[in-house]
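Take a look at the structures listed below.
Shared between the two complexes below is chain A, which has chain B as its partner in the first and chain C in the second.
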Partner chain A sequence: MSESILASTLVYGFVNSVALMLTALGFSLTFGLSGVANFAHGGLYLLSGFLAWMLIHWLKLPFPLAALATVAAVGALGAVLYRVVLRPVRGIVLSEVISTFAVGVAIIELFRWKGFTTYDFSLPVFVEGGVEVFGVSLDWHRVCIVGIGLGLTALLWAFTRFTSTGLALRGMSQNESTALCLGIDSDWAAMLSLALGSALAAVAAIALLPLGIISINTGYDALLVALAVTVLGGLESTPGMMVGSFLVGYATVLTGNTIGPRWNEVVYLLAIVLVLGLKPSGLFGRSKELEDRV
Partner chain B sequence: MSARLFLASMSALAFLAGCRKEESAKDAPIVLGVPTALGTIEGQDSLRAAQLAVSEINAAGGLEVGGARRKLEIASIDTREAEAGLPVNDALAAMEKLVGEKKPAAIVVGAFRSEVLLSAMDLNARYKLPYLCTIGMTPEFEKKIAAGYDKYKYHFRLGLNAPYLVGNLGKALDYVHKKLGLDKLYFVHQDVGWAKGTAAGVAKAAQAAGWTVVGSDAYPTGSRDFSSSLTKVKAGKAQVVVPIFDMPESGVLVKQARSMNVTALFAGFISPAAPGTAWSTFNGEIDGLVNFVFEAGPIPLKTPRSLHFNEAYGKAYGEEARLKLSGHGPGPSYDAVFVLAEAIKRAGSLDADAVVAQLEKTDMEGAIGHIVFNKNHQAVYGEDPKQAAASLAFQWRGGKRVVVYPESAAESPIEVAAK
Partner chain C sequence: MSRDPGRRRERLDRGIKARSDDIFAIASIRDLAYVLLPRLLAVLALLAFPLLEAVVSPYWQTVILNTLVIALLALSWDLLASAGLVSLGQSLFVGAGGYAAGFLNARLGLSPLWTIPLATVGGAAISTGLLFPLLRLRGIYFGMITFALPLLLMRVIETTGFLGGTEGLHGLTPLPGRTAELYLMTAAALVTIVAFRRLAATDYGLVFRAIRDDDRTVLAAGFHIQWRKAQAVLLAALPACFAGAFVTHRFQFVGMTAFALDYSILPLTSAVVGGAGSFLGAVMGSFILVPLSEVMREFGSLRVVLYSLMLLLFTVVLPEGIFRLLVRKYGQFERLAPLPEAGRGR
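Coming up: the complex of A and B.
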C-alpha cells in the first residue's frame, strides 16, 4: 500500500467512522436508556433532512436557524411518537419494534408519494474550503462532522453521569422497579430518551446530508447503518456502538482502498456475522451472557 | 300488445343499441398504455412527455383511423420496478392489470428496468400490442427480436441502448485524447448491470484508442464515500475520470472530488448533475463536469421538432419542470406517440400486424433527431441528427450547460479545468 493510500485510509477511515457513530448515536442512546429499539430512526433522519430543506427554501430561514428548528421539532416529534404510538404497547418488545418500524416506513414512503424523488434537495455545508491532514485533502465540513460527532458523544457521556436527569435515565435503564421506588417516572424517562434520540437523528442528518443530496433511500440506509454498528458493538452499550462504528468505518475504507469498493458491504457484513457468531451479544453487550447464566 | 309486436320492438331496440355501440366504439378514444416506474424522475418525465404529445394530437383534431378522427388517451400505471427488491413479477402484474382494465391499443414508454423489459416482451407477445419502449437499455432486447421475430415483432425501442451509449462515450473520449492530448483514464461506476457493461465496453474502446486505464472501481448502489477512488485517481495521476451512475448518491462524487482537490476532467454520466437546476443544487461544485444526455430533447437539437418539444414542455408544465427534464426517456417518449400515430394513420386501422408493418417503415423527424428503426426495431443513433437520433453531451460552465458533443450539434469544444 502506497503512502498516500495509507494516509487516506487513516484519515477517511476516521471520518467515516465518526459519521457512522453520529448516524447511530440516537438509536443507541434511546435503546440504552429506555430499552426501546426505535425503528423509526431512519424515517426521522430523512424527515430532518427534508424539514431543514423546506425551512430554508420555503420559509427562507437562515441555515443555522433552520437547523436548530429542525432538531427541536424532530425531538418534539420523538416525544409525541412515544406518547401516541409507543406508550400503549410499552413493554411488548415485538409490538414496539413493529409500531416504530411502521412509523419510519410511513414517513419515508410519504415523501416518496409526495414526489420528493427529484435531485433538488441538498443542504448547505457548514464551512467552505478544505485543509490538508497528513497530506490528505479534507474539506472543512468533514472536519466539522468529526467535531460534532466527538463533541456530542462527550456531552452525552457527561449528561448521563453528571446531571440529575441523566442519572435518572440511567437508573431507569439499569433497574426500572428500583427507579420507580425512588420516584422516577418511567413514562417520563422513556419519552425523554425518545425525544433525545430523535433530536440526535436530526443532528446527524443536518451534519451528514450536506455531503451529497437528500434521496428517499437515505432513510432506510440510516436505519441499516445504525442497526449494523449497534448490533456489532452490543445493542445496549454506547461504547460498544462507538467501537462498532470504528470497526465498520475502517473496514469499509480499508476494503475500498485495497480490494475495491464493491466489496465494502460484503466485508463489514461478514465482520458482523463473525462477531455475532463468536459473541452473540455483540462486542460489549451482555444480555445473551446474562440470559445463558440464568 | 301482442307477443309478436313485443318481440319486434325488442329486436329493433337491440339493433339500435348495437348500432350505437358500434358508433361509440368508433368514436371512443384510442387508449395508449404507459406501464412504467412512475416513482422515478425518468418515468414521471416520460409520462408527461407522452401526455404532451397526446394533447398536441388531440388539439389538432385527433388521429385519423380508417376515415374517422379519434382522440388519444393515456392510461398509466406505476409498476414500481425501480424500487429496491421489487420482483419482476410485480411489475408485470401491474402491466397486466393496465392491459386488462384499460384495453390499450398500444404501449408507450414501457419498462424501466431491463430485466422487466425482457419479461414484458414475453407477456406482451400474448397480447400482441405495439410496444414502443423508451427507457430500458439492454441489448438483449434486439437479440430477442432477432431470434424470434414473429413472436416479438411488436416491440420497438426509441430510447438509447447500452451499445450506443458505449459508442458515444468512446467517441467523446477519442476526441479528448486526440484534441486535448490526455491519455490517463479512471472509471468509477455503479455496481449494476448497465453501468458495469458500459464501463467495460468504454474501457476496451479507450485502450484500443491509446488510453491508459489507471483503474476502475465499482460502487454498490447507495454508496456515499468515494475517497478510495479519488485517492487512487490522484496517486495514479489520472487526467480523466469517467463516472457512470444513475443513483442520487452519486452527487457526492463531484462534491468530494472538489473537496479533495482532484483536478481531473470528469466526463460520463452522473444523473443528479444532469438537470438544469443541478448548478444550484451542487452550489456550483460541478463546474467543468461533462455529462451525457442519453437522448436529445431535454437539451434540444437545433432542429424544429426538438426545439418545439423543449418549448412546448416548458409551456405545458412550467419552466422549472423543463429545466429539470431527465436526460433519459422524455425525448423518445414524446416521439413514440407521434411515431405510433403516424403508423396507425398509414395502416388505416389499429390492427397490430398492420401497425407493426408501418412502424418498420418509420422515417421521420423527432425531438431526438431523425428516427428510423434498424431491422431489430432499435432506433438508429448517430452523430448527425439529420440522419439519426442523437445523444448529447454538455459541459457545466459557470452555471450553463454548454453542448460539447456531437460535433454537429456542439456549441463549443470540451475544455479542461473550466473555471
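Coming up: the complex of A and C.
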C-alpha cells in the first residue's frame, strides 16, 4: 500500500508543482522583464476564468474559441493596465504595487458583488477520461496541464533567448539605459511584458480552473501562490521559480496527504515568510537583487 | 485652466500665511486665528461630538467609532511609512492587540481597565517580535511579508484551533457605554496625532525618515538601522494594537475577522487618500473614507471595489493626497505668470 501512496504523492506532486508554476509564470515573467510586481495577477486570473465562462455560457462560443478570446482580451487588458495605471507611477515601486493591488482587489470584489459566488461556475475539461501513470490513475486534463505548463515554460525560454523581441525585453531588464541607446522603447517593452504576463495568467486560469469550481477566493489564492513560488526561488530568476514551484508543490501534496489539505495555504504563507526572513534573495537570487531587498 | 504657452502657473504664499509664519511675536488676532482656528475647530468638533447624543443618531456614533479605529490604524501606517516600511497588513496589529485583550479577558478574567493597556503594550511587543527577523527587508518585500503574515496567523488559528480557532473568543466584558467609548477613542486619536507629529519633528523621527530615504547612508552614519526600524514598528504598533484591543471589547468578541483584509486596506486607502507623511492627512482620509463607505453599505461588497478604485485614483492622479492639497489652497494662491524670455523658445 505504501508504495502506491508514494507513487500517487510523486505523480500528483508533479502535477501540482506544474500547476503552481503555471499560476506563477505570468507574475514571474512580468517582474523579470519590467520589474513591475503585478499584484493584479490574482484579479486577472479570476477575471479570465469568469470571462471564459461568460463567453461559453452567454455567447455560446465553443470552448477553444472562448479560451483564445479570453487570453487575447486579458492580454490586451494587461497592456491597457500599463498605459493607464502604471505609466504615471512607473519607477515608484510602492505606487506600482499599491495601484496594481488596488486593481486586483477591485476586479475580485466586483465579481463578489455581482454575485459570482454560487457553485455553478466551472470550465469544461479539455479531454475527458484518464490514464494510468506508474500505477496511479490520472485524468487527461491533468496531463494536459503538465504539457501546457512545461511547453509554455520552454516556449518562453526560447522566446526570451532567440527572438529579437524577447532579447529586447531581456536587454531592457538588464540595463535600461543601454537598451534605450539601442533604440528599444522602455514603455513598449514594459507594456509588452505586462500584456504577456496577463495573457499567461489567463492561460493558467483556463488550464487550471476546470479542476474545480471558480470561487472568488481563487483570485487571492492565485496571487498568494505566485508570490510564494517566485519569492522562494528568487523573484527574477526563472529556474528559481521552477524549483520554487516544485518545492512548494511537493510540500503542499505531502502536508495534504499527511496532516490535511487545510494546511496548504499555511505552506504557501510559511514559504513566503521563512524565505524572506532567512534568505531574502530567494534560493537562486543574485547579490544584485539583494541590494534592492535588504 | 488656460494653456497659454507664454505663461506658467505659479504658486505664492498668501500674505496672511507669510505674516503668521514669521512674525508671531506681534501676531494680530486675525493672524493667530488663521493659524489656530482650523486645528481648534477640528479638535473641538471631535471632543464635542459625543455630547451631541440628542442630534446624532447612535448609528452615526458607531460610524464615528469605526472611523476612529481606522484613523488609529492609518496613523500607525503613516509612522511605519515614514521609516520606509510600507505595510499592506495593518490587520496584523489589530489581530495581535485584539487577541491579547481577548486572551487576558477570557482566560485570566482581567477587566478592560487592565486588558486594554496590557494588550496595547503586549500586542505591540508581540507584533514587533514577529516582524523583527523580517525588518531587513525593504520596499515591496516588506509589503509582501506584511501582506502574508496576517493571512498566515489567520490560517494557523483556523487550523490549530488555538485561541478559540474558527469560533473565536466570545462573551468578553463590554465597555461602559457609548459616550465612554467615544471619548476613549477620541483621546487615543488626539494623543497619537500629537505624539507622532512631535516625534516626526524631533531628531529621532528624522532618523526614521533618513532610513526611508537612504538607509545605507544612515548605516554609514553609525546607526543600527534594524534596531531603529524595530523601534518604529513598536511605536507604530501601539495605537494599532490599542485599536485592536478596543474593537475586541466593543464587540465582546475576537475572532479571525481581526486579521481580515478590511483592517489592512482601509487604513492604507485612508493614508493614501489623505496623503501620507503628515499624520493629519491619514486621519482626514479615514474621516472621508469610513463615513462614505457607511453611506454605501447597501451596495455590499461593491464598497471594497470603490475603496480600491479610490486607492488607485489617488495613487495615480493625486499622489500628494487631499490634505496637502487643502493645506496648499489654504496657504497659497495660484496665478498665471509670464515666462521669462529664455523659456519661450521651447
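In the analysis below, the second predicted complex is superposed on the first by the 265 of 294 C-alpha atoms of A that agree within 3 Å, B and C clash if a C-alpha of one lies under 4 Å from a C-alpha of the other, contacts with A are read in each partner's own complex, and residues count from 1 in each chain.
The working rule: a residue touches a chain if its C-beta (ideal position, glycine included) is under 8 Å from a C-beta of that chain, and two chains touch if they have at least 3 such contacts.
From a predicted model like this one, the values you see are computed outputs, not experimental measurements.
Legend: residue contacts after superposition of the two complexes on their common chain; A:V80 is shown touching neither chain B nor chain C.
Shared-chain residue A:R262: touches chain B and chain C both.
Shared-chain residue A:V231: touches chain C; no touch with chain B. In the superposition on chain A, no contact is made by A:A158 with either chain B or chain C. In the superposed model, A:L65 lies in contact with neither chain B nor chain C.
In the superposed pair of complexes, A:L182 makes contact with neither chain B nor chain C. Of the two partner chains, neither chain B nor chain C is touched by A:V127. In the superposition on chain A, A:R112 makes contact with both chain B and chain C. In the superposed pair of complexes, A:L270 makes contact with chain C only, with no contact to chain B.
Applying the stated touch rule to the two superposed structures, the overlap between the chain B and chain C interfaces on chain A comprises residues 112, 260, 262, 265.
Within the complex formed with chain A, the chain B residues making contact are 39-41, 44, 84, 191, 217-220, 222-229, 231-232, 234-235, 247-249, 251-252, 255-256, 259-261, 271-272, 275, 277-278, 281-283, 324. Chain A makes touch with chain B in their complex at residues 2, 4-5, 8, 12, 16, 112, 115, 117-122, 124-125, 130, 136-139, 141-142, 211-213, 215, 217, 221, 252-253, 256-257, 260-262, 264-265. Against chain A, in their complex, chain C makes its touches with residues 86, 88, 133-134, 136-141, 143-145, 147-149, 151-152, 155-156, 158-159, 261, 265, 268, 272, 299-302, 304-305, 308-309, 311-312, 315-317, 319.
Those residues of chain A lying in contact with chain C across their complex are 37, 85, 88-89, 93-95, 97-99, 101-103, 105-106, 109-110, 112-113, 224, 227, 231, 260, 262-263, 265-266, 269-270, 272-273, 276-277, 280, 292-294.
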